[in-house]
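First chain written, first letter: the chains are A, B, C and D, and each begins at residue 1.
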Amino acid sequence: MTPLFDYDENREAASAAKVRALEALLIKKGVLGSDSVDAVLSHFETVAGPFNGARIVARAWLDSDYKRRLLEDTPKAIAELHFPGMDGAEGEHMKAVANSESVHNLVICTLCSCYPWPVLGLPPYWYKDPVFRARGVREPRAVLREFGVPISAEKEVKIWDSSAQIRWFVIPERPANSEHLNEAQLAALITPEAMMGVALVPAPPAA
Amino acid sequence: MKLQHYIGGLENLGPVNFEKKVFVAKWEKRIFGIHTVMMAESTHLAHALPKYPIAQVPTTFKETWTWASLRTGAEGMQPFEYFKYRYYEKWLMGISQFFVDRGYVAAEELAKLTEHYRANPDAPLPERPNPILKEQVVKYLNRGDSGLRAPVAPVRFAVGDTVYVADPEAADHTRLPGFLRNKKGTVTEVYPGAFEYFVSTGPDGLAGPQHVYCVSFDASDIWGADKCEPHTVIYADLFDVYLKPAH
Amino acid sequence: MKLQHYIGGLENLGPVNFEKKVFVAKWEKRIFGIHTVMMAESTHLAHALPKYPIAQVPTTFKETWTWASLRTGAEGMQPFEYFKYRYYEKWLMGISQFFVDRGYVAAEELAKLTEHYRANPDAPLPERPNPILKEQVVKYLNRGDSGLRAPVAPVRFAVGDTVYVADPEAADHTRLPGFLRNKKGTVTEVYPGAFEYFVSTGPDGLAGPQHVYCVSFDASDIWGADKCEPHTVIYADLFDVYLKPAH
Amino acid sequence: MTPLFDYDENREAASAAKVRALEALLIKKGVLGSDSVDAVLSHFETVAGPFNGARIVARAWLDSDYKRRLLEDTPKAIAELHFPGMDGAEGEHMKAVANSESVHNLVICTLCSCYPWPVLGLPPYWYKDPVFRARGVREPRAVLREFGVPISAEKEVKIWDSSAQIRWFVIPERPANSEHLNEAQLAALITPEAMMGVALVPAPPAA
């Protein structure tokens, strides 16, 4: 495994001190306000995040007409829900694709880390890992198997490489035995990984 | 070719690190935030689709800063160096160098203050809120910076057309994944309108508003049937300049 | 493919570091020396061309250790990791791991003693000379370990023959430079005798004595005329298994 | 420039301590003697090294018949000089190639660092640099220009990629105005870089 995350403490401490010094200087020089960075971070706690995607997917599961509209014109269908900021930064042009019995979708950005911020928030590290970016487009089933998602050779795999304006996300399949759940309960089952196509949504415990 | 552009498809890399955290160290949040504020106060936003009143925002930052700036930096790195650093380490290197190069910060003062915070990790930041800038940051995050423009050239391809991918000279930055170069695909969607990328990529070809096509590729046409998995289709959104007609 | 095998020809790497030193840190000499002693006391030398009396050399080392061991380790590394370490850092990692894996040294004792020398860089090494081993080391350095063997198969190609380079499955170790795979060349020399490589490279194809040919390649046949320099010929010594007839 | 050599002190100190601990343990366990590593290092100070190659080249410059024999059968011609260890480790099968008015030779090992130990000693860092190994086979003249060696497009460049048993070295061109020099004086002008084809031998100061 690439030891991307076990840097020695010196290296982390040096980066931490450097970024703090940079922010302090930029505040002093009037490039940033002392509340600017926090404003960004708070946006990703309250406005943009996977909680939006999860609610959109849950709605699509509960309302097949909504799902059809979501696939046909993603921004318009998202706008129906009146979440704030849904065509904001890195979500100006989003498109949803749906998993089904015959198709599994996987979203990737081989050149960098394009990700639909408004509905999913910020990309997790695995998505940015050069190894995922390299292997995902050549051996998606092998990668998915490692992630605990077996996809048969018969099922079609569609890979969406984000290379221009569109930011893609996946409507995963609704799990079995979820008929008794409401929208919020369904949304609670849905992870960012499921909406990128590297995880399935597990069946909930029996009611 | 440039290795960073050819990551897709590299073989024999071993397992993926399935780390689900967005930030693996607390300091990473801060550089992400600094970058995003820079995007939100970039001078080019005065001409962006929502015409942001950037000139009225009280900031000394008078630069164009977009995703392309960061990516040009990372793709411009010596390729072997690229793999030595974690994602946000590259951001920290690129952004701090940018501020030094453009004269906002002196290398010495940055080094000196870094030492100070190294010795005193809990020393506070200066307290100088900037509510108008904060408002612009929030506005930018909520309204974005779309590249949608009026088309200036006719659409060249229709859904179902066979196309070949161009192989332009390697530049410091491209939106063309290396593994698609010279490959054959099929147009599956012609996006309405045209899209302008943040910057010109020079000999690579992005400049001005262009049509964008979604193009599908059979994985076996890219890697060869014995070097990939069956029933696998790769879709990529490609700017007009990256495509050539089939004949 | 594996990135380490395809270093030849990678583009856009920037300037070469023209460092003329053999060792850039003093500690590098020691790992070079350890590796070379291991080669000099490798069990396989009992069967080498100068039949070294390895069984009589007083050493607890009972392993085959050759260039191939080191190179298999480096080429077996995760490719992005490969570029993170300096040349002799990779040796140190590979060799110390080898001794741990084979049970000569416990990871904990190595870590503990490393701490000791970190705190006391001038603490001496144990004083236990081994004159017979020293003699073997000197003998090995002076007489070497040639792979020359009697041929077991007929020569397949003659000087002037056009040949194509094979493209065997990527293995942890190969002697076939990646950039030559599937390329067309001309045999310029058929070396007398056959040569056995240190180890079998498995699906890659080296195993047992093979003829070796010097093959020339016009650079433009490899890179394309616009991607290389004129009047440039590349010569490579290729084992028989790496070559295919032209027809 | 690749900052291969400005690692922080911690990293170097950690490596230094580790290699010392390893050597100490191997001595203790009877894998090495405490004089084994020094025996190796002393070999490269006194027996194997670029001083041999330089004398071989100087002889070839002074004796065109010797040069012919050296190119025809390198080990046999080297044996004439009675240097010790000339077919030793990493020199079991050596071959010389000669630069001329029409040909420039460059030796490389794209896969690793094969180098003719008996005549040149151990490879310098530039030879092991992945950037040299990558660029040398595609744009040798560009690399040579960086190294201060201009080679015209008309001159043929021959690149020798060490990939099997042969270890190659180059007989550089004899510099102008060197007629008054004896073998030892000529040898003193010849660097390992010249014998790998990345340097020329400069003309000596006028006598």
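Simple rule for what comes next: a contact is a pair of C-beta atoms (placed from the backbone, for glycine too) under 8 Å apart; a residue touches a chain by one contact, two chains touch by 3 or more.
Model, not experiment: these values are computed from the prediction.
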* Which chains does chain A share as contact partners with chain C? -> B, D
* Asked: Does A-B or A-D have the larger number of C-beta pairs in contact?
  -> A-B
* For chain B and chain D, what's the span in angstrom between their mean Cα positions? -> 44
* Counting in whole Å, what is the centre-to-centre distance of chain B and chain C, each centre being its mean C-alpha position? -> 40
* Express in whole angstrom the distance between the two chain centres, defined as the mean CA positions of chain A and chain B. => 17
* Asked: Measuring from the mean C-alpha position of chain A to the mean C-alpha position of chain D, what distance in angstrom results?
  -> 53
* Which parts of chain D, given as residue numbers and ranges, touch two or more other chains? -> 2, 130-131
* Structure fact -> Residues of chain C that touch at least two other chains are 10-11, 13-14, 78, 80-81, 83
* In the complex, chain A residues that touch chain B -> 1-2, 4-5, 7, 12-41, 43, 47-48, 84-85, 87-93, 108, 110-113, 121-126, 128-143, 146-147, 153-166, 192-193
* Sites on chain D touched by chain A in the complex -> 8, 10
* Structure fact -> Listed in rising order, the residues of chain C that touch chain B in the complex are 1-3, 10-14, 78-81, 83-84, 170
* Footprint of chain D on chain C - complex, ascending -> 4-5, 7-11, 13-22, 24-27, 29-34, 36-40, 58-61, 71, 74-75, 83, 86-87, 89, 92, 95-96, 99, 104-105, 109-110, 113-118, 121, 125-131, 133-134, 137-138, 140-148, 174-177, 179, 191, 195, 212, 214, 219, 223, 227-239
